[in-house]
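Some structures to go through are shown next.
You will see chain A twice below: alongside chain B first, and alongside chain C after that.
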Partner chain A sequence: QLDRGCALHTAARGGLSSVSSQDVPAQRPRAVFHTSESDPAKHTEQHEGRLYNIPLEEVKAVFPHGLPHRFQQQVQTFNEARVMVRRPALELLACLKGSNLAHPAVRYVIYGERGTGKTMTLCHVVHYCSRQGWLVLHIPDAHLWVKNCKELLHSSYKKDRLDQPLQASVWLKNFKSSNERFLKEIKTQKKYIWGKQESTEEGRPLGEVVEQGLARVRSASDALGVVLRELKQQSHRGSFRLLVAVDGVNALWGRTTLRKEDKSPVSPEELTLVHNLRKMVRNDWSGGAIVTTLSQTGSLFKPSSAYTPQELLGKEGFDALDPFVPIPVPNYSPKEFESCYGYYLERKWLQHEKAHTEDGKAELQFLSGSNPRQLDRLAGPL
Partner chain B sequence: RIMPVRWSRYNPSYLEPEVKTELYQKPLEELTEEEREQMELKAVRPIKAAPPTLSSSVFSDPMISKFTNMMMKSGNKVLARSLMSQTLEAIKRKQLEKYHKAPENEKETIECNPYVIFHQALKNCQPIIGLSNITRGGKTYQVPVPLTDNRKRFLAMKWLITECRENKHRRTMMPEKLSQELLLAFNNEGPVIKKKHVLHKMAEANRAYAHFRWW
Partner chain C sequence: TLRLICTTTAVQRKNVGASGPEKYTEAFIKKQIEEFNLGKRHLANMMGEDPETFTQEDIDRAIAYLFPSGLFDQQARPVMKHPTEIFPEQRKIQWGEDGRPFHFLFYTGKQSYYSLMHETYEKLLNVQKHQDQLMDEDLPLQKEKRNLAGSRWLTKIELEEMLLEKVSDDDYSRFIQLLQKLVALPCADIEEKYIQKFSKEVPVQLQKVLIEPLQYDERGVAFSTGEGKRKTASATAVVYDNGTGKITVNGIDILHYFPVLQDREQLLFPFQFLGRIGKHDMVCTVSGGGRSAQAGAIRLASAKALRSFVTEKEVEFMRQAGLLTVDPRVKERKKPGQEGPRRKFTWKKR
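Coming up: the complex of A and B.
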């Protein structure tokens, strides 16, 4: 078995390595840290530390709203989307491949320190599931639903709840663009009345509910709730597999910065979006999986050193999510660091002449502490 | 008793701190005679405190540090440095996008290194001759006068910063505006180059008073 470490050091010639036999010989020799395997289903330990390409049309279709902002800027500058295959993602994919869909949905919680790649791992899994044909329910950042809300309407459905029409309509629009074909196939099982004249009959495609939510923005949160409930009830039949991907799940059980008209603070249960999402994340349905990420960066009233599930979720959240499969995401290993550094060099992102030297590389490794986000921020001005 | 260090005059026996790491990594045999003497002197003499701007990083650049200091307001070096790094990143992004869209034969002409662009832009903005006010017989004349290197650099950086602070829309961020101005100055266009040309023309117009200068 070839030692991957030595293969990297001899990669200065930049030729194709013989480790990955399924790499089709390209026109120009790609370097060792790339892999031409763009289907996440075929990623194995062999591909660990390498970057795989996602075609730009797929990026627009699969991730209308999921990718981190800096990664989107990088995709635009380099004209390609390259995601690194890392060990936590490979473990998650192996678990998903071997999961029995007749059993209740398994919950996976991706946690780790700041900037170690939790959101990118989630996006890798979402890409895999959308390639496999699952219905992906991707909430890009649950923290956006509990803070900075300009309009809070009182819900017409339940008396104490508060609606968020703007956030709900934005999410419905993105959901529609990524899951078009499912919305035509899945039918509603109940009659829903939206107002005096508007109602959706039983047996109509779910696309109509989404259209209703987008057209009448006041009822967008209720439309979202209806969509979630229908998907949950119908997923056990097996006609489609459901993936619930939530980024920043600790927002659902924390505190909010929103206030009602009488300046009293709003707790998360009083928000319709949060209430429905909590019901979705419970494991009382089968036929899919729930993959979530903890995030300290957008969280409210949590210290910046907190990163474990116990600290970020609090007692209530931990009990609600228990039992779950924890997946820690560490900083870059030396091999992953080499691969990221080589990719930046190849794409001419590191322009400083000293950045090409060994000293520069050692300094980058030391200053960033092999943290992906710090490396990205350091390599920006260089 | 607290011994003030920063702006007080050091005893002449204090030596400057040595930042270059290569000197320390060389084994004893390879050192030349002067370096050996220097090392022995350092063992007995005290050394001055290193200023915070002095860095042993391979990526540090004295011109960039000077520019960052000039951009700094009320001592907020953190903000000034982050603005500078965002500017360099913005320049790099713009140039890289242009590079990837350009056809093959033009790719070599596009400069992507933000440091090269920064230095060249500053060089292009430096005036060659300046004006100074000299009073003769009650009237003040604008007399053309040669400038030192330091003064040229200072004027170029000052013009760039004032231009970016004043002539921009309320909502544009400083890095964006600065990167725009630096790219224009790199191509010898833009308001800062115009200001330099205006100064040169004034100096040319006041040639007659050049003999008022006595230094």
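Coming up: the complex of A and C.
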């Protein structure tokens, strides 16, 4: 029975115990769309186009903040998280499996048109990595850090930098919940002074830094920076493998909508979070991988038809990310479309009587253009 | 009986009064005709054409060229036609100098109608007499019936125009009944000529629109083209056979060109109607109008192109579904004294 594998092919190898896909003893044969293989490590080409199940506890543990909003709603409605196995994700997984961790981290950029499943691919990879026991540094949407920020503090660490305490604290909280055990194991290598009386000694577990950041919101961004630096320095030792997953990486090099008090625009370098993240994304460390996604939806000041890395990253970003492995994500192939359609039918999401016919399927395919997002939105009111 | 609101000018003329000041005397009409002919020659000279062979069509074209008008109503535009077409036929005065009417049925009020009825009844009696004669000689000639399917009787308005007087509904129906009775007799062929005066050919159903045959391009794939217009947008579509349902507009995929679902539904409609959603590819070019107008134009163009792929019956279905009709709605003109085509200015009491 083919489980519907959502495009969340997160290569989470170790970690989460693979909950076998619910093998529902079908009174009628379960559609050919589901695969019982719930462990992304074992997904191969034969699973392509099929959906696999992620048990809900895993979802809460691995993706406190990573899933797209609509997908979260769908999970809530159907009471199960089904991710489709798609070719780009499979390629990524193969690369990751074969990558040599002694070499500098390889960068992967997932790009594609709007609504084709880039974020889901990223989440699939994150799932795989967390299953495999990697330390996952998942930034759900870098665009959130460059726009709509209510509070901007001047950084105490360096002049000319601006802190964003709110976003940093939110992210630290999610990071803590997803990577608990690592935080206890990894130790700091330097002493950090937060204020007059607070400091973290050398050799203390990273969890303390995170606590510090959460407790003192003012220093949250600095805590984030510290976490990132520590992870980068220690990853090459080999005690753990680090995955940096950034969604909407083009936000790091574009423009921001934020303004300083004197109404002058802020450029991304002046934000601590962005600065630290840029350092992470540089491939001067080894022992892991960097997987990023380009996103036009949240990007600022870019035309809606732009989707290639060159257009969305701009010259600066392209040079910074160069060299990278580009991974294009296309619309659904006919097979994938069929399995998605079958899933909706099976879950009785498509209530319209015409939707069950062949004609209805052809109509849906035509109108959505095999675009996953369009199909999802079309099937909503049906 | 319903009151006729729009009657012909011929009948309206009668309403004005038998001796209205509008009566055109014969001399007047003659003068108009001379002026018309002179004017025609002048016009031909002006346009540089030969005055002898200047037809009515040439006159119309010349007038349209010299007096361009943007009015929608064709009858409001400047027109130059023969006076008999412009000045409606009228009843000449029906009585002589001594006041005695010419026609013997004048005092019935509807003289032409009653005289017509009398004539028709005479023909009927004629036919019956002929029939009796034939029956005496034992030669009943059952000639083939007239083809009633392709002909219709004159309408009431046409009859009024013919008689130059008003005909009421009852009178009209009586006349038609009489004609039918006449036609029903077996030997009505004698009066065929008389009957033909009152019957008209029904035009053959819709001038048959030519359906172009399929053309084949280099790869051997059948394709056909169609054009469509809507509001200000015009589109040309080329529909290929053996396709996957991919549609390209001006080189861009429809998902990008028409982000709105409604436009894509419009494009889908012809294919869905024929049940050929995934079977054809289409390449279209469109310009002008807005997004909805362009979608409508492409829909019309694709429907026209699909005609070549489809049986005649389905073409008829498409026509009835409204897929092949040009949408006549255009932006209405703004009128002076109003803010828009219909919206009036805000009414202020003082």
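The rule is short, and it goes like this: the second predicted complex is superposed on the first by the 353 of 382 C-alpha atoms of A that agree within 3 Å, B and C clash if a C-alpha of one lies under 4 Å from a C-alpha of the other, contacts with A are read in each partner's own complex, and residues count from 1 in each chain.
The rule is short, and it goes like this: contacts are C-beta pairs under 8 Å (C-beta built on N, C-alpha and C of every residue); 3 or more make two chains touch, one makes a residue touch a chain.
Computed from a predicted model, the values in this text were never measured in an experiment.
Peer 1: Which partner chains sit in contact with A:E91 here, chain B, chain C, both or neither? Use first/second/both/neither.
Peer 2: So A:E91 meets neither chain B nor chain C here.
Peer 1: Looking only at chain A, is it chain B or chain C that touches more of its residues?
Peer 2: Per-residue touch count on chain A favours B.
Peer 1: Examine A:Q73 and indicate which partner it touches, taking first as chain B and second as chain C; both and neither are also allowed.
Peer 2: Only chain B; A:Q73 stays clear of chain C.
Peer 1: Regarding the shared-chain residue A:S305, is it in contact with chain B (first), chain C (second), both, or neither?
Peer 2: second
Peer 1: Given the touch rule stated above, what does A:E58 touch, chain B (first), chain C (second), both, or neither?
Peer 2: neither
Peer 1: Scan A:G369 for contacts with chain B and chain C and give back first, second, both or neither.
Peer 2: A:G369 contacts chain C only, not chain B.
Peer 1: With the two structures laid over each other on chain A, which partner does A:L382 touch: chain B (first), chain C (second), both, or neither?
Peer 2: first
Peer 1: Give one of first, second, both or neither to describe whether A:E346 is in contact with chain B, with chain C, with both, or with none.
Peer 2: So A:E346 meets neither chain B nor chain C here.
Peer 1: Does the superposition put A:E211 against chain B (first), chain C (second), both, or neither?
Peer 2: neither
Peer 1: In the overlaid three-chain picture, which partner chain does A:D359 touch, first (chain B) or second (chain C), both, or neither?
Peer 2: both
Peer 1: Can you pull the chain A residues that chain B and chain C both touch?
Peer 2: 359, 363
Peer 1: Using the touch definition from the top, list the residues of chain B that touch chain A in their complex.
Peer 2: These residues of chain B touch chain A: 57-59, 84-86, 88-89, 92-93, 96-97, 99-100, 112-115.
Peer 1: Which residues of chain A touch chain C in the complex?
Peer 2: Residues 305, 359, 362-363, 365-367, 369, 371, 374, 378.
Peer 1: If you look only at chain A, which of its residues touch chain B in the complex?
Peer 2: Residues 73, 76-79, 348-349, 351-355, 357, 359-360, 363, 380-382.
Peer 1: Any idea which chain C residues touch chain A in the complex?
Peer 2: 245, 253-256, 261, 264-265, 268, 271-272, 275, 277-278
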